[in-house]
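Report on one structure; see the data block that follows.
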Amino acid sequence: MEMKPAGQYIYSDIELDREEGQVIADLKAKSLEPIPDPDQWLEEELQQNILLTTVDALINWGRRSSLWPAICFPACCAFELIAANGPRFDLSRFGMEIMRASPRQADLMITAGTLTWKMAPNVRRIYHQMAEPKWVIAMGACAISGGIFASAEYAVVPGYNRIIPVDVYVPGCPPRPEALIYGIQMLQKKIARRKNIDMRKMLER
Amino acid sequence: MAVRTEPFVLNMGPVHPSTHGVFRMRVTLDGEVVVDIEPVFGYLHRGIEKLAEQRTYAGIIPLTDRLDYISSMNNNFAYCLAVEKLAGIKVPERAEYIRVIISELQRIAALLIAVGAFLNDCGAFFTPFLYMFRERERIVDLFEMVSGQRLTYNYLRAGGVSQDLPEEFLPALRKFMDMMPRFMDEYDRLLQQNEILIARAKGVGILPAEQAINCSISGPVLRASGVKWDIRKDDPYSIYDRFDFDVPTQPAGDCYDRYRQRVEEMRQSLRIIEQAMKQIPSGPVRAEVPHLIHPPVGEAYGRIECPKGELGFYLVSDNSIAPYRCHIRPPSLINLTALRDMVRGWKVADLIIIFGSIDITVGEIDR
Amino acid sequence: MTVALSGKEVAGKIEEKFPGSVVESGPDNLVVKVDSLLDIARFLKEADGLEFNYLNFVTAVDYYDHFAVAYRLSSLKHNHSLTVKARCYDRENPALPSVTGLWQGADFQEREIYDLFGIRFEGHPNLKRIFLWEGFEGHPLRKDFI
Amino acid sequence: MMIVDFIATGQGHFQAIPPDWPGGFWWHWLFFTVVVIGFVLTMVMGVIYIERRGMGRMQSRLGPNRTGPFGLLQPVADAVKVLLKENIVPAAADKLVHWLAPVVAFAPALMIFAVIPFSNGALLADLNIGILYIVAISSVSTVGVFMAGWGSSNKYSLLGAMRNVAAVVSYEIPLVLAIVGVVLIAGSLSMNQIVVAQNIPFILLQPLGFLLFFAAGCAEINRSPFDLMEADSEIVAGFHTEYSGMKFAMFYLVEYAEAVAISAIICTLFLGGWKGPLLPPWLWFIIKVMLVFFAMVWTRTTLPRIRIDQLMAFAWKFLFPMAIINLFITALQVLAGWPTQLMWAMIIVNFAVTAFMVLIWSRFFFRLGWGRIEV
């Protein structure tokens, strides 16, 4: 059979591709240093955390009990994440089975997989689209440092913390679902210590 | 009467619930009808082919695990075949049987995910997907027994497998084999005759056989179009010529056929495992292969029938410890060639299930 | 079992039709001239007894002084295979004719080679970078890529 | 005291406030407004819990069980979290429309409950055209949904909203026709009168009507398998893709409030409303609502989603003719006086007719996969 040569795409906009390429190049040039973890720049706030009000406790309880993950499944670790959601490991026990497809409604980004520079602007955008308060778990070696792909530095971002601040790191290649669940529990503990209402400031006023 | 409206462009992905990873499509729509799509790749390009040129032959195996990460064992298998072809290594008998068992188990696991994800794309809200994950966990348990890993196994070696099967493996496999057909019947009862599924998938996204061949489609997608072509049968590698199994095909080449095809293939894989379990001999599991392989100058192409299609490794050697060039034939990427022709004129909802029925893994597309 | 056709035999058939177009031939492969690649490809696809209707893969190898582009063809009808190669000596602006008109399956693979090696495929309907972004400097799979 | 008596015994025509109190009307109004809002909110939390636990069970996992005893506080935790999340309005959005949409969508869902009797006479307003009021009000939510889709200036939102409008416009007709059958038998449009008229649940007299109403109701509120407007495997999150925080909470609430509303209407029209032996009427009512909702969860976890043109075809080629036939047969039976005199004959005949019609129609006249319709 004689095949018709594939016609021109109606929508194949080289200009748009160039624009997107420019965004990637800019981001790559800008993110040379890792963004410090929130623990470091929130340190001062964390030290005041001994004074938790009841309201704080309630809010934190709500937030840590219903962490809805955003969908961000670039690579291999995604399958351990899905396995963690699956029947055996069952993240739904923690109220986490609602995977919000829209980042606006999600609280937690589990970055399951290698990040490439081409993907980086999109991940950053998803992170910015998520509504505060939001948390990030870097899952797997690639998400922490680039893992075994780190030496392909022309394409691979050495760790998500070049792009977005990361709260909890879960090592492994890929981490087992148990490890991920442990990481989530650590995050829950972290949220429980969070201070939402600053009594001192309110009193000063 | 058909009302024509001005086309508008919808950007699907790279982060979209049903693009199976970080795949992206620029979809031009007329109302809800797809006029054109342009796939955009590369969101997971990790330079595996480049990295392979810096690694020893044995060191590439972990990289191959991460290609199509839901069928890692098969990737190892194809790569090891290519290296053995290149260096002229003979594999011991027992290792061949272990490879076949492992490879077919992995095929079942990967096809389970493919079918589950397809049904999920049809909108069956996770139920079939999670059922199939339940069974996949059992297979993963078996793999964990032999390799200690859950996803990236790094188990096969050039010239055999890394270690022998543990004692308790074969009884555990026996138990799994007794259970699995029941589960398969359960899936069939759940959705096979479902009116909505048939209405959604039958006749949708037809891929004619000629075009499938012209587009170099392989694997279940090709067979669902009625082409009886299975590398296990037509170019038997390893010891596949010793087993008795059928190559199922489907007549129409639509989404429903591709779904049925995968279910049928799982049953055939069970048959192969059954026979291999009976025949498995004892003996060494690894040939005497030096740690640093220096294959003679030349090239070799090792290919297997992986759950997605023909997975091949094209290795070029310059007699050093690392391949001069390591090209991977990615079935996921090549199977997508026909996507554009399949979806034009269908609706957004059809686009999703046609795409889902091709069954891709982005790790393999972008490498 | 897929039979690897002898490159020499096939080379003989090609030479009959297109004299002087085969550069060298090995046991299972043959190297053809870039100019006549498209004609030979069409011949291999359509000639009786050959009918290579299935393109397994296209890839390229960088040998510093030239790029070798390998087409692995097989025939689902006769169940045989052959590797056809073409050499590109121009390093600055290498170019080859595109075979997408014959085997649509070459579409993405040629784009991939263009992206990672910088080899242009004349006549490809949508030749642009596939894995890396527009504006990326260099071609990663070339041996001299830093 | 009357309230206590009533809750304990369930006897008598319920009056919230003694009629001789000054301003009795306003007391009644205030009391039931609070009851309706409280009922809707607690029921929504209840059904969310049921859905997540039930779905978990059907998907061979556990579902939320860590938050509070048996995970009962999970919806509370969700509510606390969602309400305190940042509220984002996209820069390109139509601000006013974006803000108003959740309110416009939420108000009608709440207003439906004004005419739903929780017990004999226990309703905010016993309108003599109660069912007509419901039909009129329930479609207003669609305006809110379309406002959300339009105001977000997101393509996925717009697609979802347009799908919703198309679905509601089509399914309103079989929905209403299915109701008319009930109204004919009951001889009243008042919701309370319809319940009072049900000596046996109307599902026995109107099995076909019940099926039609259930299907059309599911489509109207976009429950699976008609959940096209927020089909997350196709168009991300549908019309509320761009919503976060409190406004998203409103939409989430609307989704389940509408499900509760449809369950309550089904239960009132077909299942005998608050009627039932032994238990107090309000408890019967809640049990029935939960049962109907559970059926919806069941379909959601089992069935795949249908396509937009199949959705339309299903409404116009299956539900609509069936509803007409059902109405015709019911009208004949009412003319002949069957509902009062030959009730058992009517039950048998109608069940036979239902089985026959559904089989024949789905075999020879309409199948989901037949042909494509341009929409």
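Going by the order they are written in, the chains are A, B, C and D; count residues from 1 in each one.
Please note the rule applied: a residue touches a chain if its C-beta (ideal position, glycine included) is under 8 Å from a C-beta of that chain, and two chains touch if they have at least 3 such contacts.
Note that the structure is predicted; figures quoted are calculated from it, not measured.
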Between chain C and chain D, the fewest steps along chains that touch one another: 2
Interface with more contacting C-beta pairs, comparing A-B to B-C: A-B
Chain centre separation (chain A, chain B; CA means) in Å: 28
Inter-chain centre distance, chain B versus chain C - centres from mean C-alpha coordinates, in Å: 26
Chain B-chain D separation of Cα centroids, rounded to whole Å: 44
Separation of mean Cα positions, chain D and chain A [Å, integer]: 37
Per-residue overlap in chain D, given as positions that touch at least 2 other chains: 59-61, 232, 236
Of all residues in chain A, the ones touching two or more other chains: 3, 6, 9, 12, 86-87, 101, 118, 154-155
Numbers and ranges of chain B residues touching at least 2 other chains: 16-17, 42, 45, 47, 50, 130, 134, 211, 214, 366
Chain pairs that touch, as defined at the top of this document: A-B, A-C, A-D, B-C, B-D
Complex interface listing, chain A residues touching chain D: 58-59, 61-63, 65-66, 86-87, 90, 92-95, 97, 100-102, 104-105, 107, 129, 131-133, 196
Interfacial residue positions of chain D with respect to chain A in the complex: 52, 56, 59-67, 71, 73-74, 76-82, 84-88, 232, 236-237, 240-245, 248
Partner chain B, residues of chain C touching it in the complex: 1-2, 53-57, 59, 61-62, 70, 72, 76, 79, 83, 103-109, 112, 116, 129-133, 140-141, 145
Complex contact set, residues of chain B against chain C: 41-42, 45, 47, 49-50, 211, 213-217, 227, 229, 234-236, 301, 303, 310, 312, 314, 316, 324-325, 327, 329, 333-334, 336-338, 366-367
In the complex, chain B residues that touch chain A: 7, 9, 14-17, 21-22, 26, 28, 35-36, 38, 42-48, 50-51, 54, 62-63, 66, 69-70, 113, 130, 133-134, 136-137, 140, 150-152, 210-211, 214, 340, 362-363, 366
